[in-house]
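Shared between the two complexes below is subunit A, which pairs with subunit B and subunit C, respectively.
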Partner chain A sequence: MTSGRIWGRIARRNVRRNRRRTAITVGALALGFVASTVMIGLSEGIVAQMIENGTDLLTGQIRVHGPGYEPERSLYSTLGGRAGVDLDQMLAAIGGVAGIEAVTPRVYAGGLVSSGEETAAGILMGVDPELESSVSRILSALEQGRLPRRREREVILGQVLADRLRAEEGSEIVLVAPAADGSMGNDVFRVVGVFRTGAAELDAAYVLLHIEVLQALVALDRGRVHELAASVDDVWSSTEVVDLLPAAISSLDVEVAAEPWTRFRPDLAEYAQLAASFNWIIVLIVFVMAVFGVANTMLMATWERRREFAVVRALGAPVTGIVRTVVSETMVLGVVAIALGVAVAAPIVFWWSQAPPDLSWIVGDFTMAGALVEANLRVEPSVKGPLLSATGLLITVFLAGLYPAVRSARQRPADTLAGAE
Partner chain B sequence: MDVPCSRARHPGLLARAASLAAVFLVLASHVSSAQAPATARDIVDHVDRLLRGESSVGRLVMEIETANWSRHLELEVWSRGRKHALIRVLSPRSEAGTATLMVEEQVWNYLPRADRTIKIPPSLMVGSWMGSHFTNDDLVKESQLIDDYDIEIAFEGDRDGVEVWEFELIPKPEVAVVWSRLEYQVRKGDMMPTWARYYDEDGAVARSLQFSDFEVMGGRLVPSVMQILPADKPEESTVVRYESIEFDIGLSTDFFSLRNLRTAP
Partner chain C sequence: MPERTDPPGLSNGVLLRLAFRNVRKSARRSILTASAMTLGLALLILSRTLADGAHESWIDQGVRLGAGHVAVQGEGYQTSKSLDDLLSAADLDGAVEALGSPQFESRVSAYAPRLTAPGLASSTGSSVPVLLTGVDPAVEVEFSPLDDLLAEGRYLEPDDRLAAYVGEGLVRRLGLRIGSRFVVTAADADGQIQGQLLRVRGVFRTGVPDLDQSLVHLPLSTAQDWLGTRGGVTSLAILMWSSRTAAAARRELRDLLPSRGVEVLTWTETAPELEAAVKIDDLGDWVFHGITLAIVALAILNAVLMSVLHRRREFGVLRALGLTANETGRVVIAEGVMLSVISGLLGIALGLGVVFGFWSDGLDMSFLMDQELEISGSLIDPVMVPAFRIAQIGWSLLFILFIGISASLYPARQAARIDVAEAMKFER
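Right, the complex of A and B next:
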């Protein structure tokens, strides 16, 4: 039997000596693990919600424009320039890129929205309802009515805009927008629905209509669109997916500017990074508290065994052997605590992720970094939380065991056996 | 018609068109009737009155050149004093009947295709008028120069052989206006304006206005052509050319009604 295995065996045996103390120590560490895992899950839940709402709600995770479209977002800056693109080919090419889940075309125009005596500025957004639903959730935010149909002069309005215009389902509104040919596009439309996303800028300004109807209003051909928005399988792979786009559309001879959400929503990306670093702070706080408790326990345990260590040393055991046995004891405690913590945390995180407590009756939904955050305590299940917590816990028990171990090893066997304290 | 689009970067399209009318009316006054005013403010006010008249009706052509398209509009314009104006599009046929009414500081647009009248909210007055480089705000504010600005003579003397005044107009502190200052040149001999420059908040010229083709129309000497040039888009311009104008035709304020906005008077 090698010396390492011997010291490990001694460590396991010593752990079982005072089972009550061991249980309390393991319980405290496991509680720290559970607390850390759940708190990281909560933090990640908020970040995940922000990213989902910040990208799923309207933008998608990838946007493709013509070069120079941003930041002016000119009506004339369509994909493919004045000639436009073969939209079907373009959608097929981008939709076929690995990692792309769905892609949808959009047309935007600034315009006046008037109903009765009321007039407001609005952002007119032309969408293909079938494709749009695969990329964003804005159409599913419909609170009343139905979606606008192809070839029909129908719109849906944000709730705040509808209230301002005193319009509702069935109302007639007038849209006025400068057209690409220099004329002033205007026509009467019927409100067929009202949506409420909770995002103020959408609810207060957006008017959605079928893409072909908006193209007709602002004198754009079908192949002239401002944006292709795409959703991806994994939001964190958006940058890599964007890198694949140029090759995918190279045969179409269209110059594009494609961006992942981390570029057009840098605020969200920065917040996600901030939250990730905050996770370490959670781990630090939880386990710094634990390290003193465990160290105290181990000091007591090693003090009780000081004569045993002295005998072992007197029989020729090396100093490192004492250190290894004490540290091994704490590491065993740590491993057992992690196992217990995983067993307790897993069902809690699973339940919490499936049925997050709704706090909207207290605070209501709110926006953070420009993204809607629902007022619920959602925990995001991930491997990162338990991994971080386990790492923090093992570092804790190692440090907590090191001091008592070194102290025990440094005691002179003769003094201890002679009764010196 | 004023829509917050990327193209409408110059405030107040609709206003511009209206202001055009006002300025042209001002231009229409006859030099011989002018009495030498005493102060800078008096001179600008005098020029304004000469060109505007008590009331007027005129036909004009608007040529708009942008990087993306060119347009030719024929318009009919009625005005009364500084506070009332009505502009109707005569051609192209697709937009004939589209009209704009300015009463005091309020602006309405009539859209014949939709058969609806829209009141332009104050927040949208900086939108382009009919795609031109004029804004709704121009329409309203241009007629209020002497009320909204402190006016001083910045230069008085010879410019290229012509005696002129050059005025500097600084907005009064309590007035919300788009421009940080204006410069305005008037020929002494016939009290005709020759150019105006509009400065943005950074002190750079945002656009300039040039008056030319001075001729007697409706019994008054007027600059029959006015051209607006946005500084940031040198390839773009809006040119307004009066084809005819009559002054002091006895329009009452009742003429400038929503009913007349919808139907040709």
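Right, the complex of A and C next:
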């Protein structure tokens, strides 16, 4: 048997010698592991929710505009300038880029919405209902009614806007909007549905029409759209996907400005980073607390065995051997704690990621960095959380074992065996 | 020992002396255990004072941009948001008069009448939905944070008429400059669409895209004429020195104001999402501290339990000398309490020392974020200024005592259950 295995075996024996002490120490470490894993999961759950609500809800993860569209968002700044683009070719070219899930055209206009005596300002948004559903979730937020049809003067409204206008499914409303030919476009439309997203600025201002109907209202041709919005397979790869776009549409000879969500929602990207740095703080604090407990236990355990160490030393064992056995003892505790921690944390993470417990009975929803956060305990499963926690835990037990180990290695065998403290 | 203990019970003095000796005897163990508790408590104090300070600042910023800590509004306005439910000129005067009474003097910091309406801001190429707010420039300088966020030009002044103070985002969207004109359109009190020409006097930058694009301040008198409110406003926003006095102030105002046509609300009702953000942040904090202190509790449990198992013989002797099982247990609990009290006081001192020694002017977190962060309509100040509250310190101390005592219960039971003969049989 090699000496390493002997020290390992001595360590394992000692862990078993005082089971109650071992159990409490492992319990504290496992609690730390579970706590930091679940807390990191919750924090990543909030970030994921913010990105989803911040991008899936309406904008998509990638936006393609004409070069001069931002920041004025002028009605005239359509893709391809006044001539417009061949929409079908453009959609096909962008949709074919690796990593893009779906792409949809949009037309925007600012206008006034009136119903009866009430009037409000609104953002008119023309969408293609079939394509739109695979990029954003706004159409699935429909609470009553149905989607607007092609060639029909039909709209759907946000809930708050509808309440303000005292309009409901079946009401008639008048839309007034400046048109691209310099005239004022206005017409009577029928409300065929009301949607509720929970995001205040959408519910209070958005009026959705079929894209071709809005184009007719504001005098834009079929090929003139303001935006192509795309969704991607992996939200974190948006920047790389954007870099692929120019090559994909080079043959169409259209000048475009494409942006990933990290650019047009920098506050969201910023919050994601902020949350990631807080994860480190969580792990640090949890395990700094644990260091004291483990160090204390190991100090007692080695003090109890000072005679034993003295005998081993007297028999000729090297100092490193003692250090090794004490440190491997704490490492054994650490590994057992991780195993226990994984066993406890995995079901919690699985459960809270599949069916997050609802907290709406304590608190309401709130918004952060402009994105809606729902009041629930949604956990985002990831390998980063457990990995970070496990690393923190192993560093903890190593450091906590080192001090008692060095102390016991330092004592002089002769003094200890003679009965001195 | 000079004095003799009474046979029926162990005096508290002796009990404490025994416990104190035990704590001192194993100094290293005691110090390690106490450090864990001290650190845990210091951390609790640290994060509570910073969080309390930060939350007060969230609320402050949120209500300054929003409807104030307490808002006096027309009945029904909170749900309808319609100019049909205005606070009439007479009710506004009544509310202002009530606020002048001495009972509010020490608590109210400022109050501002406002007329808010959603509308459309347009220039030749583009139109953007905005939230138009008619304000009294003289009081708004005290109230709103917007005038401090000036990027260009100046804030509104009392003599301004057709002036507007707008955000950087709107200026970009509409292609405006200082001095340029633009049109705002909204429905007036009679439901008619009315346009109004305004001239950009100043531009602010909050850093939050939504706010920079949608907030427009214009003089209150201009807004009242334009929207035909006959002196009415949508709300009288009241700023308190502390958010904690909001509920009481609302109650008192309700008693002073007519019950018909007027509604008095606190910020938790006008900005429920802000309260939710504060609550959920608090909840997360307590869970986090609960967990770290549970880890500390296990460390204490281990330390006290080990010290009990090491002293079987000593407890055997105590029992043989006539201590009851109950009294032996109490010695152990006294040890736990003593450790908790000592490390509790040290922890509070350390926590407060760090917070007020280093961060009394605020802990600047701006190195972590280079974008402005918005939470539930409130601008987050990256500088966290700690807030000291006696109650919070008291709770923290109780918390650590509870942990110290509950962690000693199991070891105390072990000590009490010692079999005297068994414990004294062997020399260890």
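Quick note on the criterion: the second predicted complex is superposed on the first by the 417 of 421 C-alpha atoms of A that agree within 3 Å, B and C clash if a C-alpha of one lies under 4 Å from a C-alpha of the other, contacts with A are read in each partner's own complex, and residues count from 1 in each chain.
The criterion applied here is as follows: contacts are C-beta pairs under 8 Å (C-beta built on N, C-alpha and C of every residue); 3 or more make two chains touch, one makes a residue touch a chain.
None of the values given here were measured: they were computed from a predicted structure.
Partners subunit B and subunit C, brought together by superposition on subunit A, clash.
Touch criterion met: A:R20 reaches subunit C, while subunit B stays clear of it. Of the two partner chains, neither subunit B nor subunit C is touched by A:S250.
By the document's definition of touching, neither partner reaches A:S140: not subunit B, not subunit C.
Of the two partner chains, subunit B and subunit C are each touched by A:T119. In the superposition on chain A, A:G293 makes contact with subunit C only, not with subunit B. When subunit A is checked against subunit B and against subunit C, the one touching more of its residues turns out to be C.
When the shared chain is aligned, subunit B comes close enough to touch A:N186, but subunit C does not. Of the two partner chains placed by the overlay, subunit B and subunit C both lie in contact with A:P178. Shared-chain residue A:Q354: touches no atom of subunit B or subunit C. Touch criterion met: A:S74 reaches subunit B and subunit C at once. Once the two complexes are overlaid on chain A, the subunit A residues touched by subunit B in the first and by subunit C in the second are 72-76, 109-112, 114, 117, 119-121, 177-178.
Every residue of subunit A that touches subunit B in the complex is listed here, in rising order: 72-76, 109-112, 114, 117, 119-121, 174, 176-178, 180-184, 186-188. By the touch rule above, subunit C contacts subunit A in their complex via residues 28-29, 32-33, 35-36, 39-40, 43, 80-82, 118-120, 122, 125-130, 169, 172-175, 185-187, 191, 193, 208-210, 214, 272-277, 279-280, 283-284, 287-288, 291-292, 294-296, 298-299, 301-303, 305-306, 310, 368-377. Remark: subunit A residues 20-21, 24-25, 27-28, 31-32, 35, 39, 42, 71-76, 109-112, 114, 117-123, 164, 177-178, 201, 204-205, 266-267, 270-271, 274, 277, 282, 285-286, 288-290, 292-297, 299-300, 359, 362-370, 375 touch subunit C in the complex. Remark: subunit B residues 1-8, 64, 66-71, 92, 94-95, 98, 109, 111, 113-116, 118-121, 123-124, 127-128, 130-131 touch subunit A in the complex.
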